[in-house]
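Chains: A, B, C, D, E and F, in written order; residue numbering restarts at 1 for each.
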């Protein structure tokens, strides 16, 4: 995916919700802090820096910029950041804001949360992509996170170099067509893999690739060949998502189905593998040269530990400060560029 | 917290967003599945069951009920579920829907995601609460998740028996007052812990408990005694969130500050501990009888691995079915009760 | 299996081969030792004891007795032994011979080898039987050892409480009918599991139980139900030996096939499980209450480490002796009984 | 040892026993399979391949060829194999037979067993030989296996590059003189190491090397020097087999005995080490440069885990087939050569 | 050993050396601290407490009392302590001094060192004694520590319940006769174990027990029986200290020598075991019921990690104080008794 | 430190005490050995060698030479040794004595003990010095050993390349000025770090470097800056010895204090770190580039396991001998030089 320049227009899906803007999602003690400072008549210019807890991939900056654009006073703000997709590490800030404290104090919770969640997802995706060593990876994580963040999760997976994602909203945020074509539900309701595959072929527009699930009722190799015989050249691929109770998908299973498809004359049919994949299992396939065409990863990306962000005030009215345990003053990071 | 009966009115915060209702957050292959079935003229009554991946605490049912109420046809639906807060385990369904497939097929992604995320948070909270062995636990997780799910996360933490949470929205969903009173930011901007504490006391209404952060500039014991001398009986407690660079908060530190406060005549001042807590570290405090008054837990709850949900069609038009690897037909679970 | 009294006639299969009797299988240094002693005119009465290296089950005594009966002078011999099937442990002799040295010196190698190999197999079988907690275990080990010891191996497995074995000779030695009925070869050559099963039913005498292999071409549950529909009441059971490349046989697979057979009305059909079983994997089935009817164990029994035997001269002409590291004189073991 | 070409005459010891030829050592289900196929009038030409379970050294081919020569119809057979002593690995067949199924179906059990047992022994021997880094290794395993396989075991050890073996039959099969000269029994019966050594010297023909056991009654160094003083130039070596109760033979013990022999002027006397040796312990001697002359290995070779063989039908009447989990058709292996 | 009351006269060996009394062994910064306080005219009454780092056995109090008696002003001192041999644990003081600071400030280094070293040795001895489960333990540690502390080490070992020690000075401090009678040097110089043993018998007064080393030149069992035959009833015991190069002394070796001595009629001869013993190896002998009569322990006791002591000022002029990290004021310990 | 040539005068502190010279610290069995040999009229020239148990640094030779000079007969002695500070390893002697046995037999215990203790300390010091990678290390171990060996311990630490030590006697033995300037006791008694620091400055001669402890009452950074403001250019450094209850001294704490001192204009002030340091923790500081100026190590050096020494007689009257397990005769070591 071509990374989009963050200086451009911000897509509609990144718009900030009302709940966030009125501060409902903030920690209550920030409301109180702002009330006290207002009563005391204090509102200095403050510098705050956000730093990640561990190495990884940055994501969430596009959304943070959307929020800050809305709330910071245009003539007295300075925002520096790294880019979505950048490699980050502890000790180096990824976002720095200089503005009157009252203009952003209420949004520290939200900013930290956006960056933590999205960077967590993007980093996990990147781990899978690196393990896959060139074989494409697709995000199948939508069903594993709360629906209100599905879009941000899939967008982050794509920032982490997944080639596509299954959710409608996430795909739209990344400007891509959603991946995946057939659900176990279709096969179970129609009662037969072949019927389901031919129905799909009948009713879907030509641009939707024909990829058939082949693990629902019978042996994977048997179903794969049967579907290939029916759809012939139109069959783009088969997906195996074999239940763990049946041993899951193993490198040997992929190798056997590949060989049987080839022996039956269907070398053009790709093999999509999903089901409990993570970097270690992906490396298992890659190292044993198992002929996988595409990996689909769900829970590993969706359940990624957030890359927790510390947010530290480093200057108040131009004077370096810091709480005990931190070095006062701005932390140098040549990779920051001014975005507002 | 008194668990609310789920038969009552559903609070406004649980209302389902437009993006979810139009199916934007669904996996695209469900849209395709529905289109194919529609074209084939197939819409049988289907039973689907959701099962958790691991032991834990259930949450998300209130929200799932809000969604299903909206989308299922009133005269041909049956929904069975366990209660938010119930103990769950693999092999036993937590939600069962019987309805025409077309009425809910588009929401499987969203339902699985709600239950997975919320149950993950609730389970992590419960682990902390059990480790704390009677000492209250407060959720400080808001800054560690994407802002659009802060409310659901804090609500789940309270379902998991946290006594309160810091976010405005989460507290409101649980019908509680948000916890926490002073931010490092207030101390850093005012430049002095004592000044910050007395300002807080001056400007906050009496019902807000006075809890002062005492680790920002100087030794914790020194700041705690200084604040106690200033606020006297009005000081409800001190919070220590010592940076890890300074060794974090240890059982011995709490014991020493407790002893020094007591020797100075401030036995009434509670000690709140936050900063990187998890069940193991909480057990460390409890086992060494460190005199903690309240634990605040953030990243452990907010970063909880979702309790991933499998969703399996088990009947089609009254006939037991299942994909390979699963036993066809409904799975008995006497703890399910009909909720719709 | 009813243990046979070792005082009775020795079955033909335990007869000692010519190679052993002429000393060809002995270590050459025993030939030399005997030559030297003969030249020196020395042939004292000697006591030798055989002791096991580790805890386990004794086997090989029936065969050892067959050999000693042949070679020891009838009027000047005394042989004490424990019984095949007895529990043994290091430090306690399992066989003690008192006789002129020249009469048995050449057979020490063979006696130690018989006891070591057979006790190794019997002990491994017993471990499986104990892990199976009451579910019958059958020896499938014949293909994993050199054919000339197949009989001794299967006999030892039955001494270790397997209910039967697959080899013709081993079954005959134990007085049992061999187990197992269908080979993958039959299915592959006939090209179809159903055809193979009905052919078996057509041609086998009624006393051979109908047990069909159901993992050769298609899904195990599918093949099992198909065969059951064809053979109905006559089908005694199905055997699953799923390849490891397909995840092997798992507790969940057995549970599912059991459920699908039951739902189809074939509760009378047993499920036989084979393929890489060992005590740990058997315990996995037992602990998860997977409804296995019979376990078949091959490599674990056949490849058992021999229970290596030390053989020590403990008396020479009535005088206690021992090499350095051993205590001179006879070792007490109340469980020894005189067998010759 | 010079490997003998397998195209030549097959030595008498490799002759196949009657029990094997009549199929008594086969799994009974092969008898049944053949009966069914006969009744159905089916006897296609079949290709079967044997593959090892793990890396190692091949052995058993000489014997397998002896069997197949006897049973396959001369004008319609094709047998391909690797050589005894070859390095093998999983995924590559070591034996491939193409013949009418009825001609060999009964011998699959025996063929798999021969190859598994002999390859297991040969592989273990090779591990010891490699660990010994040039110091000769002798097989002392005869007493640890059932006597009917002693010859095959010692032959396999020599195929695995042991320089000799102790059993009469194994040595004969490999065309070598058996190794080892004195037993503890000789010393214990004669009551004195020196007496035993001089008796051996008196009565053995000159071509038998004089190697004296020196650990039976007194300190190893003391006995070694005493024997050396008596036999002088005629003493080829001393063997230490010190009991584990006395610490076993250690690198330091060998070094000390070597030094004391040298100081007494007996540098020509070799030191043979036996007793519980395995590759790890051998490496211990080699790495610490302990001056061992010859290693004798027993239980590690004799108790080697068989290299279990899978046997898969890969063609029936010229058509590629395979059971689920295997790739249909012949597996390429350029190292196979036609032997029949 | 009867513990001596610490209120009595202090034996000469506990007298404090000149180097300690003039402060040469102190950390220089205590000299400086005292100089500064003197110049400032400050000399308050101070309470200092010594606490151990880990659980163990206390030793060094007798010596500390000897020092404090000399240096504290008689009419203004208060010293509380636990007894040599008491069980101690972290968090509870073992010594508390209340006196003008100038009178003891220079000796903090020495007091901490005495207690740390002696308690380390006593604790290690106790561990061995407990492992020995009633079999006597003797300290052989003299050669493993600097000679100027040999006496204190052996005294501490006896406080830890060793029955005796080998050093002249340590035995004298504990009021016992030194243990051990024959050195390898005697045997090596006389060239023969038997000669050495009879010479010892000839020249030692009758009260010295005859214990012969039997591992120097020949097999232990052989030497033991030979010596027993020569000294008969006068032989109290044999000591085995077999070199590790020869496998060290093992439970099996002791068992064999015991059996051979008994068979030869020398049941009255004790077996002393030394050489690399520690609690784990002692437990090995005890658990396998090896018939050891006496254990001799050297390096484990002598090389014991000191039980490091923290020394904290807890009151100054009657006011509770403490450095950060410690609780101000005296720590309760009901086991302290006033000794000065 | 410049290593002093061992040929020179031996400093007074190395003089051997009366207790050692009269043999009171010897094992009693050496007294007995000498008595027996005297009675037998035996006093051969003997060669004895001392060998270390493990790799490390040699120390104690200076002291051993002082003892041997006193006791060996001048015209019939030969002493070979390696140098204090040399690298040693098992198998190579570090000291060899050739002299009439009666002249040194009583001192074997003392010689082994000197070398073992001092080499243990020197080796531990060297490990710290190597871990520190160029940052100076000071011995703070005096309070952790018995006072009578404080001097030898600190001398050995300096032989191991510590730059200085805190004890008066150890510093004198090494010809250095003792290190360290302020005790917690001074701060606690004066009640304030600043007061203590200025008093030190007032009363100490100018050559004593001003190093202030800054962890007693308040935050380390706060106290450090306060003291620096008072003493300005005269302040050489600050020492942090933060209690473990407060997290100990961490690399991050040093970095922060360094940064805050630099920001306040006190770049000239060094940072001394003490408290529970060992090679692993030192490497932690070095690897994270924490700006430590000097490390102070106590317990790790003082509590070092002695490098236990074996002492073996290798010649008696010119004839090679050795006990079982050792090679008779002198062991070659080209690094030995003759010192007497």
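In this section, a residue touches a chain if its C-beta (ideal position, glycine included) is under 8 Å from a C-beta of that chain, and two chains touch if they have at least 3 such contacts.
All of these numbers come straight from a predicted model, not from anything done at the bench.
**Q** Can you name the chain that lies farthest from subunit C, using the mean of each chain's Cα atoms as its centre?
**A** F
**Q** Are the interface residues of subunit D and subunit F largely the same numbers on each copy, more than half shared, or largely different?
**A** Different-residue interface.
**Q** Measuring centre to centre with CA averages, how many angstrom lie between subunit C and subunit D?
**A** Each chain's C-alpha centroid was found; their separation is 22 Å.
**Q** Averaging only over C-alpha atoms, locate the centres of subunit B and subunit E and give their separation in whole Å.
**A** Centre-to-centre distance between subunit B and subunit E: 58 Å.
**Q** Approximately how many whole Å separate the CA-defined centres of subunit B and subunit F?
**A** Spacing between the chain centres: roughly 57 Å.
**Q** For subunit A, jot down the residues that touch at least 2 other chains.
**A** Residues 217-219, 242, 244-246, 252-253, 256, 324-326.
**Q** Based on which chains touch which, is the overall arrangement a line, ring, star, complete graph, or other?
**A** Drawn as a graph, the chains match no named shape, so other.
**Q** Give every touching pair of chains, nothing left out.
**A** Touching chain pairs, listed by label, come out as A-B, A-C, A-D, A-F, B-C, B-E, B-F, C-D, C-E, D-E, D-F, E-F.
**Q** Residue numbers of subunit D touching subunit C in their complex, please.
**A** 17, 19-20, 23-33, 35-37, 39-40, 42, 44, 46, 101, 105, 108-110, 112-114, 116-118, 120, 140, 142-152, 166-169, 171-172, 178-191, 196, 199-200, 202-204, 208, 215-218, 242-246, 299, 302-303, 305-306, 308-309, 311, 313, 316, 321-326
**Q** In the complex, go through subunit D and note every residue touching subunit A.
**A** Within the complex, subunit D touches subunit A at residues 320, 324-329.
**Q** Please give the residue numbers of subunit A that touch subunit C in the complex, ascending.
**A** Touch residues, subunit A against subunit C: 217-219, 222, 242, 244-248, 250, 252-253, 256.
**Q** Mind listing the subunit F positions that touch subunit A in their complex?
**A** 219, 221, 252-253, 255-256, 259-260, 263
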